[in-house]
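So that we are looking at the same thing, I have put the structure below in structure tokens.
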Amino acid sequence: MAVYEVVIDDKRCKGCGICVISCPKDCLEISSNFNQAGYYYPAMVKAEDCTGCGACVKLCPDFAVTVYEPLEETGS
Amino acid sequence: MAVYEVVIDDKRCKGCGICVISCPKDCLEISSNFNQAGYYYPAMVKAEDCTGCGACVKLCPDFAVTVYEPLEETGS
Amino acid sequence: MTDKKVRHGNPALFNAMMQPHFCPGCHYGTILRCFAEALEETGVVQDSVLVTGIGCSMVSMHYIKGLEGVVALHGRAPAVATGVKRSLGKDKLVITMQGDGDLSAIGMGEIMGAANRFEKLMTIFLNNANFGTTGGQAAPTSLPGQVTPTTPLGKDTDVAGFPIHMAELMTNVKGVVYSFRGAVNTHKRYNQTRKALVTAILKNKENAGYSFVEILSACPPGHHVKPKDSLALVDKLIGEFPLGEFKNTDRPA
Amino acid sequence: MTDKKVRHGNPALFNAMMQPHFCPGCHYGTILRCFAEALEETGVVQDSVLVTGIGCSMVSMHYIKGLEGVVALHGRAPAVATGVKRSLGKDKLVITMQGDGDLSAIGMGEIMGAANRFEKLMTIFLNNANFGTTGGQAAPTSLPGQVTPTTPLGKDTDVAGFPIHMAELMTNVKGVVYSFRGAVNTHKRYNQTRKALVTAILKNKENAGYSFVEILSACPPGHHVKPKDSLALVDKLIGEFPLGEFKNTDRPA
Amino acid sequence: MIEEKRMLCTGNDAIGWGAVAAGCEFFCGYPITPQNEIPAWFAKNLPEHGGTFVQVESEISSINMLLGFVATGKRGITTTSSPGYSLMQEGISCMHAMQLPAVVVDVQRGGPGSGSIATAQTDYNFAVKSAGHGGCKSIVLAPSSPQECHDLVQLAFHLADKYRILCVVLPDAIVGQSAEMMTVKTIDFEEELPKKTWAIATSGEKKGARLVLDSFMPFNYASYFPIIKRKTDQIEQNEIRYEEKMTQDADILIASWGSTARTSLEAIAKARAEGLKVGLFRPITLYPFPKEALQKAASNVKHVLVVEDNQGQMLQDVEWALEGKKPISFLGIDKRDQPGGMGLLYPKPIIEELRRIEI
Amino acid sequence: MIEEKRMLCTGNDAIGWGAVAAGCEFFCGYPITPQNEIPAWFAKNLPEHGGTFVQVESEISSINMLLGFVATGKRGITTTSSPGYSLMQEGISCMHAMQLPAVVVDVQRGGPGSGSIATAQTDYNFAVKSAGHGGCKSIVLAPSSPQECHDLVQLAFHLADKYRILCVVLPDAIVGQSAEMMTVKTIDFEEELPKKTWAIATSGEKKGARLVLDSFMPFNYASYFPIIKRKTDQIEQNEIRYEEKMTQDADILIASWGSTARTSLEAIAKARAEGLKVGLFRPITLYPFPKEALQKAASNVKHVLVVEDNQGQMLQDVEWALEGKKPISFLGIDKRDQPGGMGLLYPKPIIEELRRIEI
Amino acid sequence: MSEEKRHELIVGGTGGQGVITIAYAIAAAASEKYKYVTRFPIYMATQRGGPALATVIFSDEEIPAPILSSSDNAIAMESGAYNRLKKEVNPGGRLLVNSSIVTKLTETDEYKTLRIPVTDLAQEMGKPQMANMIMLGAYREISGVLTEELVFKAMEKDSGEDRFAVAKEAFEKGKAYAVNNGMV
Amino acid sequence: MSEEKRHELIVGGTGGQGVITIAYAIAAAASEKYKYVTRFPIYMATQRGGPALATVIFSDEEIPAPILSSSDNAIAMESGAYNRLKKEVNPGGRLLVNSSIVTKLTETDEYKTLRIPVTDLAQEMGKPQMANMIMLGAYREISGVLTEELVFKAMEKDSGEDRFAVAKEAFEKGKAYAVNNGMV
């Protein structure tokens, strides 16, 4: 099961594909959806492979990617 | 007897003393004569020591020095 | 997934009101993120002023919360920054951000003048090997053979010269205490560049001298490549411009 | 003495109509002689144009017979020279002569721009570590502690920077094929400098690239020394600026 | 000489065509919007016409490089836009000092500083009133169409050589960036031009540092200013150019230059349709200013309206020419349709103003 | 506030004293004759008064460094002479775009290009008509003595802050290099100045990129030009300054500025001794030009003679102001006693001209 | 449809969408047929993504001003342009809208609004860059100005052979959409 | 000698001869006594050796112009300056000439010409740089303007203590020469 959640802010995305190329696990792919500006944004295709490394976040020029991890439930 | 003749063009000379300092044989000295512009120009004081090296000529900033040598009489 | 927290997100200093105005695939946004992270790490943003040059990065201060700035005339950022720094004094950091046209063409006199005067400034030099803003003309940094509006048959070194290596050139100026060239086209290089920015900021903070950080960047339209090929484009630039730290010295005396 | 001939006299190219306008003890006259000798040796004067900067050497073309020239605006000689060279083509030599204020202060952009554009020019850089013409103000080349009208307490490197080493800096530009620093305060150095000028002229003649010859010079009033101490003054400059050949390469490709 | 041809062409490209048609052998320049098409045009086309293109590291170097090139007696040009034109002032002044013939084009962009990259006519005073420090004046030509860009660049080269003077061509960005049908053709000005005996290194026989001695250092007031005076007298006498449209019966005269003259023309057509008799006076030479022609054109009108895409610059010259004899009002940049960089001065506010004027 | 004292002082040094008296905290500049005494003065004296002196690598850097300094809300100055003033145009234009208050001094030297290092008044048009590209205008003040250098520099700082505008002080080299008795004293202009809320990094509480947003990029015509218009209207209304001497009964009015006004005054004294009734009108603010005051001063004279050490520059403003109502003639640089750099415009040719004028 | 004496068009979008190219093609085609043609880019965005607008006028009579504050014809490639242009179409004129992107439209009877989902159509083709050529095809067909041949000639001149083939295909797609949806 | 209401002086020579220094000393001294003083360097040579000229005026009344095209008093330190100044001395005025260097003098009755061999006198002192101070001493004595004390005060302010002693010695030498040669 996927540990990390990768969220693309499709309004910000310009469909450059940098996140797709820079993901070491090839988790992302450009989808066939486009936003208001006409850009095709990416989607997660291999959620289970994602290591949460953050390459997609850091290298996205448009501040459009966020990687989430599960909250460690303390005290349980 | 002096072999080389060192001639100072006193009109050009600005009395800087560079020729005096740069002569390796200390042949020149600033004289007590001054020109129309008020500059004290140098004079030869040790003609016999002059090696004709040309340092005084080359280093004079005011194109004021010439070193002559005797004409070799060819065919005599 | 149940409850979650951000593992990798936008830096807290990023002004989320801004929608980056850069072209798809441009690395300027990435570099701004990297810079914002370095400012965050060093905690200096409240004491910093950013002076930008004219180029696609000219409104960079708007992207970072709490960063004041001046947009200098084309090429003059180091002079403007000097004025700001001389006024604000040792406790403030003044940083310039300039493109390669801005810094290595029209602004060569200003960067050399300020560095040689031993100004306690830092410069972030965005080298995308062309004049992005004006339509991709050749810059002094452009590669041999590069096709641009002003080199339609490819840059001919015989008449347009070779790419200038600013990070190396700066090492010859005694007032320069730090010189580095990085890129942001891989995660690792991103981190190295961030570290270099942190180092430069800290040098600036202690008024050690002039710090210079060159960052190679992609300009897809200028280089006639697709946005997705922007990472490979920077690899090509690295072929001409080696990455690394070229100078890191103490304050000279 | 009987019949005699000149053993060492003024170069044939020296325009004897001119009375040097330099101050007593200034080395500019000596440098002009040295340059005239190099032009004579290489036989290129009829094919040469001299572009001077603004400074005490600005009317240098008048001292050399048959040398055409243009007096450029302050700092802009390399740009003007480029225009002349691009018009006249490969068969003509275009040489700039610029002071240290002219070249390393206001003209830094132009010299770096032209050299980086791989112009086939030659520059004679007269470094007397001050702005002679305007009354001896500090130049980017001035020595730490040097007292001038703009550094009345001596040049403080913390606010005015360290002396810039142009001959070394130029080696970092790929288009530069020759870089040398000489002096004319001894007979031997005079001869070395002349040789360097000859080398640079020949490089220029074959359009190999940019040639740069820096010559240290005395400016007695600017340095508050007597004319006769001008030779020693240059020794002091050599302490900061080492003499020698810094680059001598073939035409880069 | 260039082969005659007709084409759809921008004002910016027309400058290239005009230069090549005039035998220009050199372009140097530094990119700046809204004239980037000009260096691109030269980069592509000048070599084919036997000329040399150089992209320079700054506008300061551009103007000085141009100086060096034209000092050898050949024709050369540089082009820029407002901030770059500011940077060229010292060099421009120097070319006047040396009396070097050359052509400089300023495709104006908006406002001071880095300003806007869009059109404006905010450089009138700057280009017309003084060629940098020292108070010389360049001949300043203001085209209002691509065809006129092409023609006036050729005229600029001609006048430059005729008077040994620097000529400035001053389009606004509307003129530079709009494309229209245009005929490329070398214009024969039917005047013999003086030989460039002052040029350096053009002949085998050496002339010494001619340029320098003739006109430069040491600066000789007595030999310099009288020459300049004679020259400017001749220029003011012979080289005035302007266009008049529908002035015969006009009650209102619009004085306008460059693209706003054409915008005014559209307003005039509509105003005439409403029965208002309006005419147009368009100076083509901004310096020399067509003072007497304007006086004549205005002699029977009841009101003069100056229209410029700026804050009122030619206005003072119009006031100066008309010596308080006619009521003069101004319509300018604050009447653009939009505040931002995309705003333009359209015919509409002009028509409204024409309706308001009481005659 | 500075201790009041009286001394023999050159106009150049007086600029330093005036600046320090006005609380100026920054000087940056690049050497150029005939104003090298100014940087030397600041290098020596500014640190003692708590200010910072920087010798810059060029005039372009100087003006931009000044921009950076004053952007922090403090008072700063740069000084230069004509060629350097040319190089500052883009920066000057930018300071208008950003509406930054600062003082720039141009101690004029002669002619275009590198020209002569001696005096002239050849920068009138250049300084007055346009502050670089974009068509803004600086307030331009022309002193005619060291005392006035000192006073007008203070006024320049005051007006700069009052209107958030760049002020230019425009001495000629005679004014800059001659020494006279002068009193150093901080002038109280008795007006409260607006707070510099726009300045960067002056308070703990951060304001974001204020300067940038307020007035710079993206360039906003609608918010910019109306502000400038309001400002210039106020300036033209409130800040006109001029001097009149012996105009009451004058048949001939000499209009002159800077040092030539004083030369004219000597000529006037001699002419009056010969029975000629001559008066002097001297604009002190060249922009705003004292148009109405000149009209008034000239209302009863029969002839106006414009005297300038140039080719006729203020002349057009005088013609513009007088609207063809008075005969106007000009006496200028070609009446110097000597052609070379040592030539000056002396009272003699002015007296001769006054005798020639038919009234 | 009868030939017009004077035709006006404003094309608006963002930099990178090729609005300038549409205007260029129309103007170039018109230059083969009309004595007077003007083409003017009101604003040329520097970076991709900024606003870009261009106007075209062609006429048998001299064109006084090359700029247009309102027009008989307009094309809006995205929302920013639509919001501007919806106020600048002359009564009785027409406004073509890229309805893939512009989804919120203001109803009006003043002029005709024609919705063409060119981004979707381009994606169908697998050529997202060709949205502008699709719009050009629709526009030519709907307005009936000039001739297809003239426009093709202009397009061919502007692009290489390969790209022209694709552009032509896109043009045809736009034409077909207009025809099939009763817009002609 | 009675005090003048207005005193005029032009000093000419070449850069490096210290002509400006003479003018400075006179003007500074005058500033202690007169309400109005002007001092103006007509030309400041850049390099040593170029022409240098300075004027001084002091007066009880306002001085309209600080420049002088002719003067009651003049000093010529070398030939170039002499050739200019010989035409600029007012009738009845005086011209002091450095007769060590200026050997060709034009005879005139218009004004008094006074020959002082200041370069020779300086050499006698072994201080070639002090020729200007010798001239100053002679000038003060011959013209009788101001007072010796005022001039000394000005000289002292301008130079350091050491140099003032030498300068004073030179001044005295000039004064003595003027007295001994009946010039006063």
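Each chain carries a letter (A, B, C, D, E, F, G and H) given by its place in the written order, and its residues are counted from 1.
Assume a residue touches a chain if its C-beta (ideal position, glycine included) is under 8 Å from a C-beta of that chain, and two chains touch if they have at least 3 such contacts.
Nothing here was measured: the structure is a model prediction, and the numbers come from that model.
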- Provide the labels of all chains in contact with chain E and in contact with chain H. D, F
- Please find the path from chain B to chain F through touching chains that uses the fewest steps, and give that number. 2
- Steps needed, at minimum, to go from chain A to chain D via contacts: 2
- Look at the interfaces E-G and C-F and say which one is made up of more C-beta pairs in contact. C-F
- Message: Using Cα averages as centroids, what's the distance between chain A and chain B in whole Å?
- Response: 86
- Note on the structure: chain D to chain H, mean C-alpha position gap in Å, rounds to 39
- If you average the CA atoms of chain F and of chain H, how far apart do the two points sit, in angstrom? 34
- Touching at least 2 other chains, the residues of chain B are 14
- Query: In chain G, which residues are in touch with two or more of the other chains?
  - Reply: 46, 49
- Query: Can you list the residues of chain D that touch 2 or more other chains?
  - Reply: 22-24, 26, 58, 71, 73, 105-106, 108-109, 112-113, 116-117, 133-135, 140, 159-160
- Listing every touching pair of chains gives A-C, A-G, B-D, B-H, C-D, C-E, C-F, C-G, D-E, D-F, D-H, E-F, E-G, F-H
- Which residues of chain G touch chain A in the complex? 14, 17, 49, 78-79, 100-101, 119, 123, 128, 131
- The residues of chain F that touch chain D in their complex are 30-33, 36, 39-40, 43-44, 53-55, 57-59, 83, 113-114
- Task: Would you tell me which residues of chain F are touching chain H in their complex?
- Result: 7-8, 33-34, 117-118, 174, 177-181, 259, 262-263, 265-266, 269, 337, 341-342, 344, 346-348
- Note: in the complex, chain C contacts chain F through residues 46, 49-51, 58-59, 61-62, 65-73, 76, 78-88, 92, 109-110, 112-114, 116-117
- Message: Under the stated contact criterion, what part of chain H meets chain F in this complex?
- Response: 27-28, 31, 35-44, 46, 51, 53, 63-67, 69
